[in-house]
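In the two complexes below, chain A is the common chain; its partner is chain B in one and chain C in the other.
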Partner chain A sequence: MVEAQSLFQALYYASVISLLSVGITLSYMTTRVFNFAHVRFAMVASYVAATALLACIKAAGITGDYEFREFIGGTLARTPMPFWTYAVVMIVAFIVGGLVAIAQFYLVLKPLQKRGATGLTLMISTLGFDFILVALLFLYMTMPFTRGLAGDVRSLIGRVDFASLKLDFLDVVIRTGTFTVRGVVVLGLVFTVVSIIGLYLLLTKTKLGVMMRSSIENPNLALVLGINVDRVFAITWFIAGAIAGLAGYMFLFGAVYLKPLTPTTPSDEIIVSVFAGAIVGGINSVPGSIGGGFLIGLVEKLFVPGILSPLVGVGIIKYDKVFSMLAVALTLLFLPQGLASLPQTKTFQRFVAKIRRRGGE
Partner chain B sequence: MAGGEPILVLEKITSGYGKFQILFDIDLVVPKGQVTVVVGPNGAGKTTLLNTIFGLATIHKGSVKYKGQDITGVPPYARAKMGMAYTLQLFNIFSTLTVRENLLLATYDLPEEEARKRMEEVFQLFPVLKERQSQRAGTLSGGEREMLAISISMLRKPELMLLDEPTAGLAPKLAKEVFEAIRQLGDQGYTIVLAEQNAKGALEIGDNAVLIAGGRVVARGRAQELLERKDLAKMYLGLEV
Partner chain C sequence: MVDVGLLIEQIISFIGVYLIVTLALNIKAGYTGIPDFGHAMFFAVGGIVVGNFVAHIAAYIAEKQGIPGVTLEGVLEDNAGTLAALNEQFFPNAPLISIALLVFSVVVAVVLGGLLGWLASLPALRLRGEYLAILLLAVSEALRIAATYTTQVMGDTPTVGLTVPNLFAWVGSPELASLAATIFTVLMALTAYILVERLYNSPAGRLFRAVRDEEDAAKALGKDVVIVRRDSMIIGSSLAALAGVVYAINPYLGGGSVAAISIYNRVFWTFWPWALMILGGMSSNRGVALAVGIVGIALVWPIRLYRSQVTEFLRVEQLGLDPDAFANALEFVFIGLLIILVLALRPSGVIPEPPSRTIEPSRRV
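For the complex of A and B:
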């Protein structure tokens, strides 16, 4: 039996992987490049959002608890900060994630593409951009402004250190009777569902979405019809980065589930899982990558520790990423276009037809 | 070159893709309201010439002037907004999009009322597209795909149409109908640049013609005159003399 806390950890982790996998897919679909810097967008968003959060705390002189009983009905939600601070910080993370992605698109990828760079060159350039972001983050956390801000906030509420951010004590705690859940777990699920619905509506119901799909399928024809393909791709990158920014927002309050925030963690630990999610779900499918990311997250944090470890011993938990890699290998071998292409396979169609026949009998 | 006022002028164009040069020192004048045919053997650079006109190729030397304005450095999407349309030879529809979405894309920058009006005109011309509006374009038959591709260009009501081998892969009877349709468009006042492998069919309906081979202009003049030149017909166009 999986404990509630383990389930929450798995849901949190799966949401993070899912939100990041979809960005890998969006950037791959537009530029045909695997972006190794993508997960770092979330880190940059985290650090800037942390600054915004601490600035809010300092500005408001926050010391006590706030309750949202009226806001969400009978359920009690207790938080150390007023609701608006969370909303402001979330918007900051969303925008910063998007802006970093646009910076990479215009400052690194477009100039290289104009010079006729190959796919391999572009891929390696994303690794270079990633290193630059790490270096900038190390610089950022030692800047007088951020250190000063952390010091001021420490005097107000204690426990703030920019070298290793651990702000989970600022998370909302939701309590219904004896049942307690952290706000960041609920938020992760909300972000994932909103991303699925939002991207679906954007891609199928809006003019911009149709332009995005057309530019991805056939950039030359889109250009011929007067669509500024570069701008459409830049918007797509912004969306990918902004969704990564939401994952970065979740990092802020997730130290209890992942590692405390530093310029290299937790991104370096999860990047493998994020790519696995995008590939298993379908590197050319937006809904597929969201589902794939969620699936990989659940395999690593629910299936391995909750189901496999009681059978083979707790030592297996250290090797949870092996199962993600195994999933990638099996996908590439048997379903190269990922789970999203499953409905198009003959085996699946035969299976559905069989079930329908049985239903008709 | 005979004809009216020039709408498009290429001067000493050397172009290709990236560092590779395919066309050399090309001069071309396209008169308004006429059908200009570009013929030549396989690999002569016909498609590259159209790509150069539309900004999809790299220009190494020379200039492109459209309605008197130098558009050499203007990006393709901006050329489309200036009244140019280009029907590509291959991949000329969005196969993962529905028929309606394909048509909507062609009118996305028009006021809603105008877009609806133009779409109705297309549906009157090709009623089958109206029936298949919600169908994925990739599931259309070959003929229906061509109708959709032509509709996409027509919806933009272009001042200059570039057509790249519209009869490629079509049965002779269907190819003849397409040539007749292009001639009709020319008679209605459309300015067309038609690149064609089927030299005879194209020269018969064209007003002016340019013959290119090895990336250079070999001959130019009235289309009928080129068709009658036996030396060119045999050497470059594979026609029986």
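For the complex of A and C:
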């Protein structure tokens, strides 16, 4: 039986994968490029957000030693933080993620596209941008003003316990057996749902969303109709990056559920799952990528440890990525166009028709 | 003070291995147009052959000879201890076995690499472009994780890695053994270059490029595109596995251990070869050699070797930065900017693809 705790961990992880897959899909739809730097947006956002959190703590006048090590282990765990600090940190992560994405769009992708680069060439260029971001993160970690914060992050692996934070307004304690869910986790899941709904509303109900969709469907026709396609694409990239920033925010607070922060590891380990989520979703569909992200995340963190490992032994947990790749292969075998094509399949339509008939009776 | 001879050997080893691994990628991605982003997994095959298979065979023979501290099971259970005993007591006195094992590891790696390439080519026949690239990347990553945590492959301490058997210990002192390994690297790199260059001008190589440029035309001429792509994957992958063997054996590069987690990763063995290939020019072997040479000699290696001098020169510490992190960052910025600038300024690389030079009639058999 799957415990509530592992269920929440899996959901948290799957949300992160899902948020990042959406961004991969959005950027692929606009510029036809698989962005290798995408997950690094989340890392950048998460580092800047950590700095912002420190600044907030100082601003809130909470006394204590602000050395990061102490800050995590001691001060913060004992001190309920006011709600606005979390809001500020989230907004910072959101904006930083978006800005990095826009920087990539204007500094790297646009100039290359103007010179006629396509497909693989652009994909390689995102690798180059990713390397530069890694470098900037390494530098950022050692800046004088972040040294107390980030310099210690490397030595903090495995000890960051943000999940034990108290969130004064939302310290929901859901008791199932011996397990309690912390507010931060609930908040993370709420964010995912809210941003997915927000994205859906943006794409379907606003003028900007219509412009975005038309620019994606047919850029030339959109140009004729007077839409500034470049700017619309840039906005799409901003949104993709900002959602990645939210995922970075979840990196920061979910260090127990994900891997702890270092400039390279979490994004390097996650990026394959994120790509897999986007591909399973059918790469050209936002809802598909959300579903794909959840599928991959839940296979890795719920199916393998929760269902498979009691049957075959604990050793199997290490192979979680292998099973998520199997899930990709199986899905694409039955749905070559990805999860997005599910509503078009005959079985699904028959199923819907059956439900409708029953509803009509 | 840095030993100049040592520095030259290190640079040569670096260039040698990267030349083989990039040329291998060039066959797949440059000649045939298969976007192989799973290149690192074929490279890792070579490392596993040396670190695991060869060590097992050597331990078996040594156990039969009654060398203390060596057991067959010890290779996986107490890798460091067993391999230390082997490297000190067995290999220095067994030149013939060492050479035989060297040949064995090359042959087995080439065969296994080719086999894995064949398996990986199965999706390559269905998918195109970026999809295939991402799929191969994912497969490579999944396999890397699977290999790392399987104790039969990487032993009980995957993060430490397997110690590499010193197959050149019989030559003499450690310096001489390292020199021999460097010479082996150079020989392998030259062989690989000559083979790949010959392949370029051969009918098979021209067919590869025909499939890349005009698939329909190749089909119309009666060529089986599927088989061509499969062959290209097999050849390129077996060459990558060879590079893995060379890398593992070379004491300047493998560092004496085969650690799947930290060394055989996709950044160094998929992304860097891609960057070097783009830099030199896709399907241009001279370009690749030039790019590997430039990056190896002029920039990367000195940055790594003289990192303290570089950071001192730039007065990093006075600015309040951590010199170590700064040097790391410098390396990443360098390669990242290099990729983007080359793509922007010279999309077809330093030396673009040359025209085919077919074999002269008088030399045909």
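As a convention for this text, the second predicted complex is superposed on the first by the 295 of 361 C-alpha atoms of A that agree within 3 Å, B and C clash if a C-alpha of one lies under 4 Å from a C-alpha of the other, contacts with A are read in each partner's own complex, and residues count from 1 in each chain.
What we mean here is this: a contact is a pair of C-beta atoms (placed from the backbone, for glycine too) under 8 Å apart; a residue touches a chain by one contact, two chains touch by 3 or more.
Please read these numbers as outputs of a predicted model, since none were measured by experiment.
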Please determine, from the superposition on chain A, whether chain B and chain C clash or fit.
fit
Between chain B (first) and chain C (second), which does A:Gly119 come into contact with in this model arrangement: first, second, both, or neither?
second
Contact-wise, after the overlay, does A:Gly226 reach chain B, chain C, both or neither (first, second, both, neither)?
first
Output check: A:Val322 vs chain B and chain C. Expected answer is one of first, second, both, neither. What do you get?
second
According to the stated criteria, A:Val108 is in contact with first (chain B), second (chain C), both, or neither; which is it?
second
Angle chain B-chain A-chain C between C-alpha centres, in steps of 10 degrees?
90
Of the two partner chains, chain B (first) and chain C (second), which one does A:Ile132 touch, if any: first, second, both, or neither?
second
Superposition-derived comparison: chain B or chain C, residues of chain A touched:
C
Give one of first, second, both or neither to describe whether A:Ile279 is in contact with chain B, with chain C, with both, or with none.
second
Regarding the shared-chain residue A:Lys207, is it in contact with chain B (first), chain C (second), both, or neither?
first
For A:Glu217, select first, second, both or neither according to whether it touches chain B, chain C, the two together, or no partner.
first
Where chain B and chain C come nearest after superposition, their Cα distance in Å:
14
In chain A, both chain B and chain C touch residues 116
Going by the contact rule at the top, pick out the chain A residues touching chain C in the complex.
33-34, 108, 111-112, 115-117, 119-121, 123-125, 127-132, 134-136, 138-139, 141-144, 151, 268, 272, 275-276, 279, 283, 315, 318-319, 321-322, 324-325, 328
Parts of chain C lying in touch with chain A, wherever the complex brings them together
35, 129-131, 133-135, 137-139, 141-143, 145-146, 149, 267, 271, 274-275, 278, 320-322, 325-326, 328-333, 335-340, 343-344, 347
Touching chain B in the complex, chain A uses residues 116, 207, 210-211, 213-214, 217-218, 220-229
Chain A partner, complex, touching residues on chain B are 18-19, 54, 56, 75-78, 80-81, 85-86, 88, 91-97, 101, 104-106, 108-109, 152, 156
